[in-house]
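Have a look at this one.
The first chain written gets the first letter, and so on, giving A, B, C and D; residue counts start at 1 in each chain.
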Amino acid sequence: MIPRYSRPEMVAIWSPEMKFRIWFEIEAHACDALAELGVIPKEAAKTIWEKGGAATFDIDRIDEIERETKHDVIAFLTHLAEIVGPDARFVHQGMTSSDVLDTCFNVQLMRASDILLDDLDKLLAALKTRAFEHKDTVTIGRSHGIHAEPTTFGVKLAQAYAEFERCRTRLVAARAEIATCAISGAVGTFANIDPRVEEHVAKALGMQAEPVSTQVIPRDRHAMYFATLGVIASSIERLSVEIRHLQRTEVLEAEEYFSPGQKGSSAMPHKRNPVLTENMTGLARMVRAFALPAMENVALWHERDISHSSVERMIGPDATITLDFALARMVGVIEKLLVYPDNMLKNMNKFRGLIHSQRVLLALTQAGVSREDSYRLVQRNAMKVWEHGKDFLEELLADADVRAALPEETIREKFDLGYHTKHVDTIFKRVFEATGNN
Amino acid sequence: MIPRYSRPEMVAIWSPEMKFRIWFEIEAHACDALAELGVIPKEAAKTIWEKGGAATFDIDRIDEIERETKHDVIAFLTHLAEIVGPDARFVHQGMTSSDVLDTCFNVQLMRASDILLDDLDKLLAALKTRAFEHKDTVTIGRSHGIHAEPTTFGVKLAQAYAEFERCRTRLVAARAEIATCAISGAVGTFANIDPRVEEHVAKALGMQAEPVSTQVIPRDRHAMYFATLGVIASSIERLSVEIRHLQRTEVLEAEEYFSPGQKGSSAMPHKRNPVLTENMTGLARMVRAFALPAMENVALWHERDISHSSVERMIGPDATITLDFALARMVGVIEKLLVYPDNMLKNMNKFRGLIHSQRVLLALTQAGVSREDSYRLVQRNAMKVWEHGKDFLEELLADADVRAALPEETIREKFDLGYHTKHVDTIFKRVFEATGNN
Amino acid sequence: MIPRYSRPEMVAIWSPEMKFRIWFEIEAHACDALAELGVIPKEAAKTIWEKGGAATFDIDRIDEIERETKHDVIAFLTHLAEIVGPDARFVHQGMTSSDVLDTCFNVQLMRASDILLDDLDKLLAALKTRAFEHKDTVTIGRSHGIHAEPTTFGVKLAQAYAEFERCRTRLVAARAEIATCAISGAVGTFANIDPRVEEHVAKALGMQAEPVSTQVIPRDRHAMYFATLGVIASSIERLSVEIRHLQRTEVLEAEEYFSPGQKGSSAMPHKRNPVLTENMTGLARMVRAFALPAMENVALWHERDISHSSVERMIGPDATITLDFALARMVGVIEKLLVYPDNMLKNMNKFRGLIHSQRVLLALTQAGVSREDSYRLVQRNAMKVWEHGKDFLEELLADADVRAALPEETIREKFDLGYHTKHVDTIFKRVFEATGNN
Amino acid sequence: MIPRYSRPEMVAIWSPEMKFRIWFEIEAHACDALAELGVIPKEAAKTIWEKGGAATFDIDRIDEIERETKHDVIAFLTHLAEIVGPDARFVHQGMTSSDVLDTCFNVQLMRASDILLDDLDKLLAALKTRAFEHKDTVTIGRSHGIHAEPTTFGVKLAQAYAEFERCRTRLVAARAEIATCAISGAVGTFANIDPRVEEHVAKALGMQAEPVSTQVIPRDRHAMYFATLGVIASSIERLSVEIRHLQRTEVLEAEEYFSPGQKGSSAMPHKRNPVLTENMTGLARMVRAFALPAMENVALWHERDISHSSVERMIGPDATITLDFALARMVGVIEKLLVYPDNMLKNMNKFRGLIHSQRVLLALTQAGVSREDSYRLVQRNAMKVWEHGKDFLEELLADADVRAALPEETIREKFDLGYHTKHVDTIFKRVFEATGNN
């Protein structure tokens, strides 16, 4: 976790304070169920909630105990006993440490997911606003980095919207993957604790009971979770790369926001670097990389080994904090993105009408000219544009053979940008009206 | 694709024959829609279906044309024209090559997914059968590779069942991710083709129309698809590693099937190697590795670049063929797995009752012995077992201090395996009755 | 392995013919050593070389035997016996299959490396030629995709040269990693074979004897090998991305070769796609991905398990064939790259002198103007260029305050491109004269 | 960076204090060279060294300035000016921030490498000591997890020694990869600074001058560096997995150290978990994962983009700190590893002599018995061992047909373990005497 790439709300989820608070909640909910089942006194459960709920856990004290006991859960329980008093002996009955640790990790991932979902919602809102703003802003579509046919900048953003909406759907599914609770004992057989305790705790925390755990919650769930974050990161990379391309000196169709008074740039006004999207490109690489050790964590030995633990202590915070930071940064970039429609038109006209050559070619063949002759006619005029900077439309209009086949009106019509944008409404309808999410 | 790790049905999906057949279907369905819209004659669409549907495409001939035109789709269309005759000029109107290529790739992935889903169903069936067969076969549960508490072999298999059922759910979602069709032209604006054509083709092929494509179908979908295959592969690895562990010489609680007459082993009857599960462990590494380039494919430049293509020519077949092979192999391994309940008991009793020490400890404290004294009592008897090979139960029964606290009956009761298996029914109910899938 | 991305020489290394030939050589060399040690008759070793050396191994026949024996090495030895006659009983004495398989795999990787080294040499030669050709071709250097300061196109290529020379050095080291031979028996103890046999075979094949093998040659060697291929692939990606950027419509400073007569492009002369470098970008992703399973292969269980085998059957051919194809393709791209110095100048002057603003700023401060005033002076002229398309030099010369601080000559000098290229010779000397390799 | 998995010396390398100290050294060394070249006064260089060298940089103050200037290097230089006084204006002349940042990063990696090399030396020393201690400790070699032939525990450790010695060689090479310095300006052309400054700074810091940099030092170097750490991590995983296997309840041939008085275990003395090696298994996954984004960092755009920066801020510390921690932990595990030779013998004899069956088979054929008959003879006795727990040697001696072919002495000789260990000296000689490193 790098403070520079972190936001406090997400960092808080992974703090010791939050961890111990969640541990307490798991234990206290379990006490409720145990009391209900008659295993422990109801009064004890009540006392535990009251005293523990009001207390602030003393991290230093817990650390001190852990240095002695070399066991984090025991250290916490000892400290809890200092707070709760004699009734503390009813806490954790029949449970194992992993019941607390694994359930807590999933609670943290759930809460992290909620922040990420909120980030995505904000990003979707920003993309939608800007997409409608530029629904009809014509720009050249590019395949292979080469001009192809016109599209609109709004369609570009609509594509991003649709992509992040898919990411949202995926994250909802990923959240459900890890929203499970296990309180099942040393090898998951409930030997020392009634399965109804697990069911109660799960419900209280908004989780499902893990159908069959083996001391640990199975790690295929977490593999799927972190793989999903990797895919979302890849979509962030795509949008970042798009903006970086648009901001290139020679393209300059859009720019990350740069405040007018911002010093350092005005002496070199062209030198505005897309550092935010470059940064996100790098962050995406990191989030993606975390998917791999998560997949390697699946094949734990027999009922469990603990090799996954060190991995998760790292990627749990790192993946969620980094993705949260990148998503939030992207929201800002999109909201404030400087868009230059004039440059879009200027770039599109760089080859003075050549992008319409295929429509002219088609018109000629449809007018009865053989494919070979059509090609020759288009080509000889295209070459004048390419080699001598002429205007394609003017050349075509001045070419007697072309005119013999096509009336002026038809030729001019082939240069109409509206031809390319006529279905933008359909696309927007598909993207923004199909689902009720946003 | 390695023939040794391939099954014909999946290989067929990636054959040139299949590819051209799918191309034809896409084109022919598009003709239907174009005819319906009045763009081309209905008779032409009919002729195309009839002649193309009846034909066998000549791969060599297509290759020959491609060598000349250096364009695979044009080569196919030229060959199709040789088959269909003059009406072929109505094929592919307003479409671009990527419309055919991307939609075809997704059709192939859909069909591959259907085979994989079938594999998973077979694996689930095998796991279920064997799980019920060994529902009450007591075996030691192991954490960290060390004996922990008893469980049953059926519970182990139930865990695997639950895990692969999650894999199935994930694969259904992944299949939906890539079950989209794009017929939207050079930059996805439908400039030259009506969006209704795309909708018709999508429906005819059992797909959704891609809400907004940009010549290509966005690759976040495929990243999610291949990441999901990677997670499934990781679950295969987990089950493989479990079996490899159980087959170790010193453990020998289960073995991959080995026919009695199989030569080569009988002189060294202990030398039966878990080569199938070892093989699957390696195959899992490969399928997992393919997730990464799929994620790197997401950030195509602008509306599209073609860097994803070489990746997909490799991982499309390789990931699906390898996973299909591994899943099918796992079905066989599970169905025929040799299970040795006697060895399970023998291993469990290796330390002559010591696995019950914690229950005895608890009983002593519950009987009013202080925690320190309880510990000392259990320890001194445990040490006799550990160091001198004594029987734990006998030692306890012979220990006057223990007997002073606990009656014989109570001590004996702590050695009852039934204590550990009493909730197996609950677990099975959760796993096998919760969903209606299988 | 995809035929489309393969070259015959590299494919041949991974053919069954080559594999059996190498197996034969390993066995025959071992016979020589065994004969020398008096374990088998010298005549037998001679006969084996003569008959086996002259024979063409019948792949179908070997396959047929393997279907029966289910063991590839035994199948080969049986076929060899059919060729060699009774003396074949002296073949393979005291050896295990892995001795042959692992040594063969390393021989294949060595030979693959030799082809790759040859590819790299060709690429280095092409880069050197083009670098010197464009040593003084001034072009804008870009940081963050934004114009920074001038450099030369030759320096760009010199950078690539230096990078691929490093790749060459790495590949030489990687080749040495896997150039080891193991003939050490079932667990590597030489129980049944004299270590001198291994030493003889190693020497005969140009390898080192593996100091301590355990039936298998340790896989950290192969992990390092495939990781190195992944790094080389990443350098291919970098150069590919550079060319793709330069070929963008708005930049067009260089292009993949496009023959003048090549049809299909002349009607849209701007539509020349950098498909070769895009293709290499994708291939690089694949080669990089293969590094991971190779690293996961390291932790084999105890003396060996066979999980690495399926991985290596895939990545052995796939990584080397793909990298060979990409390197060879890059040679062609560099050799024939179309370079447009005029466009480089045109792009550099897009902001009419603004790239020199920092030198002017420095000159003003050095002339005694305060930093704040200097900044203000540069800024107000820069803004005229940026907002109104003026020429920066002309504006500065017309600005009385600037002129009060700096004589015309000094101002003009700040626009001298030679200032930026004065150390190009030094750079070239460092890159092309430092090592004797090329 | 997780405190739990960190050691202070390595953490210190990545502290702000260390970073600013290195920045200062780079700047001050550059001043020396600039002074020598007459660009700045020699007195100024002297003053800078004196005042800066004596100062403690105030991190909070630098942070405060950075919040204002939004530029880390400028913030540092401003703070340095507060310390050095007027002569500070001679600092950083003609340099760009990346000159400082990139060179500093490489200095940090060099120093991190020195710690890692020291770790490796300690690990090699530990492995060597334990290898010689157990040079003749016979244990069963296992392929596929199944008993194969005897080897010694010393040979196992010698293998690990040889593997980590290779890792050391690789790390030395990786250190050389990143031991380069760049002080070359905005696009690496030395427009504003003499190349001799770079050469001086490089030499002063024990580095090579980067032959051709482009504002940044090329990232193929770092890709190779982090890939190498990934391979070393994989070797740590291998050794960890070996120990985890040996500690399994059923095997128990070795154990991580467990102090006799350590509470918590004595009531369940079998429950000693290999948590350290499990932990290292997970840490290895992380270090390996960091290789990927490092490879993706290679393809920066044109002369540089800054996408690599966020990646390196994470993996620079995380990879080196984690690997250092894992290596140091492994040193402790090996030094204190509890080894149980008696259990090794007990396990080896689990199948009462069956591991010698192949030698008996060979002896029979060598004595003239046909291969089929030999097989049948061995098999019928082997089966008595396998199925009825007989002793293989006794059965053979009691088998008249066997005895007809082989004298008792010969049969007994086939059960001699010395046969398998006779070349251990040769192996040790190869491993421990071949290189002069340790």
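Quick note on the criterion: a contact is a pair of C-beta atoms (placed from the backbone, for glycine too) under 8 Å apart; a residue touches a chain by one contact, two chains touch by 3 or more.
Keep in mind the model is a prediction, meaning the values are calculated, not measured.
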{"item": "Any chain that touches chain C and chain B", "value": "A, D"}
{"item": "Chain pair showing more contacts of the two, B-D and C-D", "value": "C-D"}
{"item": "Centroid spacing, where centroids are CA-atom means, of chain A and chain D in whole angstrom", "value": "34"}
{"item": "Chain B and chain D, separation of their C-alpha mean positions in angstrom", "value": "33"}
{"item": "Distance from chain D to chain C - Cα centre to Cα centre, in angstrom", "value": "25"}
{"item": "Set of chain D residues in contact with two or more other chains", "value": "142-145, 148, 244-245, 273, 275, 278, 288, 292, 296, 301, 305-306"}
{"item": "Topology of the chain contact graph, where touching chains are joined (line, ring, star, complete, other)", "value": "complete"}
{"item": "Footprint of chain C on chain D - complex, ascending", "value": "141-145, 148-151, 155-156, 158-159, 162-163, 166-167, 170, 173, 177, 185-191, 195, 209, 211-212, 214-215, 218, 220-221, 223-224, 227-228, 230-231, 234-235, 237-238, 240-242, 245, 288, 291-292, 295-296, 298-306, 419-424, 426-427, 430-431, 434"}
{"item": "In the complex with chain B, residue positions of chain C that touch it", "value": "1-2, 4-5, 71, 244, 273, 275, 278-279, 281-283, 285-286, 288-290, 292-293, 296-297, 301, 305-311, 313-315, 318"}
{"item": "Residues of chain A that touch chain C when the two form their complex", "value": "140, 142-148, 244-245, 247-251, 266-275, 278, 292, 296, 347, 350-351, 354-355, 357-358, 361, 375, 378-379, 382-383, 385-386"}
